[in-house]
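A, B and C are the chain letters, set down in written order, and residue numbers restart from 1 in every chain.
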Amino acid sequence: MNRLAGLFLILAASFAAAPVSAQDKILTVFAAASMKNALDEIDAAYTAKTGVKITVSYAASSALAKQIEQGAPADAFMSADTDWMDYVIGKKTINEPSRVNLLGNSIVLIAPKDSKVDNVNIGAGFDLAKLAGDGKIATGDVKSVPVGKYAKAALEKLGAWQAAEPKFAMAESVRAALTLVARGEAGLGIVYATDAKVEPGVKIVGTFPPDSHPAIIYPLAATATAKPEATDYLAFLRSTAAKNILEKYGFKFLVSPST
Amino acid sequence: MLRVDVTKQLGEFSLEAKFESQGRVTGLFGASGAGKTSLISMIAGLLRPDRGVIALDGETLDDTSKGIHVPPHRRRIGYVFQDARLFPHLNVRQNLDYGRRMNGVAAEPAQFTRITDLLDIGHLLDRRPGKLSGGERQRVALGRALLSKPRLLLLDEPLGSLDESRKEEILPYLVRLRDEGIPMVYVSHDAAELRQLATQIVMLRRGRVTALGGVKVLT
Amino acid sequence: MFEISPAEWTAILLSLRVAVIATLVATPFGIALAWLLARREFWGKSVVDALVHLPLVLPPVVTGYLLLLTFGRRGLVGAWLADNLGIVFAFRWTGAALACGVMSFPLLVRPIRLSIEAIDRRLEQASSTLGAAPWQVFATVTLPLALPGVLAGMVLGFAKAIGEFGATITFVSNIPGETQTISSAIYSLIQTPDGDTAAARLVLISIVIAMGALIASEWFARRATKRLHGN
């Protein structure tokens, strides 16, 4: 029994001593949930090119911004709206000169792939509540998550918000909302066009007119505590290689590529 | 030489005892509930008197007026309990060795063998207490207390939980111990036992010493 | 289906590491508190008892938030620790270990306390008459006899630590490789459209680890009990 206890202790000690991940040459990126597929591909290319590993925490920009404010060890932050980037800049946690408004996007109305709903005309007088019927409309929390904020703004402009509000299922990120629709838990959803593109379980049934909501801008910046390697990484995100990947996923590249 | 002069409130009655033991075997005689166990618990330091003094060979162990109380582990007073109280997680040898180890004393194999021979427990050394008979347990308890090299040995009805044949088995060992010269305070409600063992009797009745003297006092 | 991706491995190893550290560090404190509650009377004892059990009844998110306020980078204690000792809990695996340790503490203390209370105090008295100082009584009599309870508490605490979610994600969030434990990984995966298979794998692994821990604890406790009951 003592031998077994000894073995157990050695195992325990080895867990304690062994680093879970190498501490050098890793960048930690906090990125909006909608970036996931595109950024994973870009990061793989970057690691292949430079050997620097990228760890990404994907979540709603709101959650990430609060964590950065609390001192989370991110090297770079890509938000899905300018509000949250301005927020963390205001908390003095961002290397301001490194900020660039990198990407654009659009929001769409989606439904489960086998839904009877299709070809919805989203314009003035659009009645989302009627379209939803008894079902739920999934999107990010309209109070904080960027996609939810854009959705609410657009619906308010179109006069559809009040009636539809009680039917909303507020998820904690755009991807959570996307999953709700893909699983058929929600009959409709409002997500980014780029999200709909990567999820075969949903179909786009309508597009929101760009002038119905504030421009969707994804700013990128290094944090105040960023490692020096972050500069090179940010530059890579502005390169043609990155631009091609991002446009493939449906993002609009708002700056001219640097390389 | 043990000097006791204490009072203690015990539930419904109070205990008041004053006596000196002359060495050898002091028998504490009385019916159940007379206060015998409380008295020797105080001598051992497991119970504190409300008022009074306990001294052994000139060293003050308890003095309530001066706030002195030497804790049990520093008194070097052995205690053989009525229920043996052997450590269940240790075998007989480890139980016997316990006192020596706690006091950081070097092993004395000759002494060890002498005591185990005296008590006839040499063949039980690797057993666990759970596998011993009542009589064997009591003998081991005796050996354990002895091997801690006490200056005084307290025995609380050590034969109390045993049947007649067992008692007759162990009494000779106790007589041998007396003849070895270890001072003992021996608690019992059995006059016959004490007549065989004791050299001095303290008789206790409802917390009071009612007689003090040689074994003649028992008749 | 049974190919485990690097990200999943990271979560598994991190969870094991966090739970092992949390349990090992919490155990001495657990034994000390269990002993205090079992053997000593003191002013404020019921308050201490209640505080020990608080993480069991508070919503885990509340516990996590309180940890953030206290040990976060700008927290009451956290700021001091970071500035003076360079110890950081926020958003680090050490913070995850702290959260898991706190949440599992009541489950650790309880069996140990019950175990100590069940020990015949007369044995402890006997040992002191044989010359054992109070710390020796504890080390040679109390602790060995309480061993089954200690092991049971440790394993229960470990199982809770490895499954902890609410306090952890509130205090140290969900950073892969640093604070993303199995639970947080599953949580993220089920919100990702194509994550169900990976989530199912991790669920299976969690069950295997938990079952393994429980079986091991049973085995340890039975061995220890046999040893103690004198055979």
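Quick notes on this one:
By our rule, contacts are C-beta pairs under 8 Å (C-beta built on N, C-alpha and C of every residue); 3 or more make two chains touch, one makes a residue touch a chain.
Predicted model only: the values in this text are computed from it and were never measured.
A linear topology is adopted by the chain contact network, the touching chains following one after another without closure.
Chain centroids computed from C-alpha atoms place C closest to the centre of all protein C-alpha atoms shown.
The greatest centre-to-centre distance from chain C, using averaged C-alpha positions, is reached by B. Note: centroid distance chain A to chain B, computed from Cα atoms, is 79 Å. Centre to centre, using the average C-alpha position, chain B and chain C are separated by 45 Å.
Chain centres here are Cα averages; for chain A and chain C they lie 34 Å apart. Residue positions 227 of chain C are each in touch with at least two other chains. Interface of chain B with chain C (complex): residues 44-46, 71-79, 81, 83, 85, 87-89, 98-99, 102-103, 128-131, 144-145, 148.
Residues 1, 11-12, 15-16, 18, 20-21, 26, 28, 36, 55-59, 63, 67, 70-73, 171-173, 175-176, 178-179, 182, 198-199, 201 of chain A are the ones touching chain C in the complex. Taken together, the chain C residues at the contact with chain B in this complex read 120, 122-123, 125-134, 136-137, 140-141, 144-145, 227-231.
For chain C in complex with chain A, the touching residues are 10, 13-14, 16-17, 20-21, 24, 68, 72-74, 90-93, 173-178, 188, 190-193, 220, 223-224, 227.
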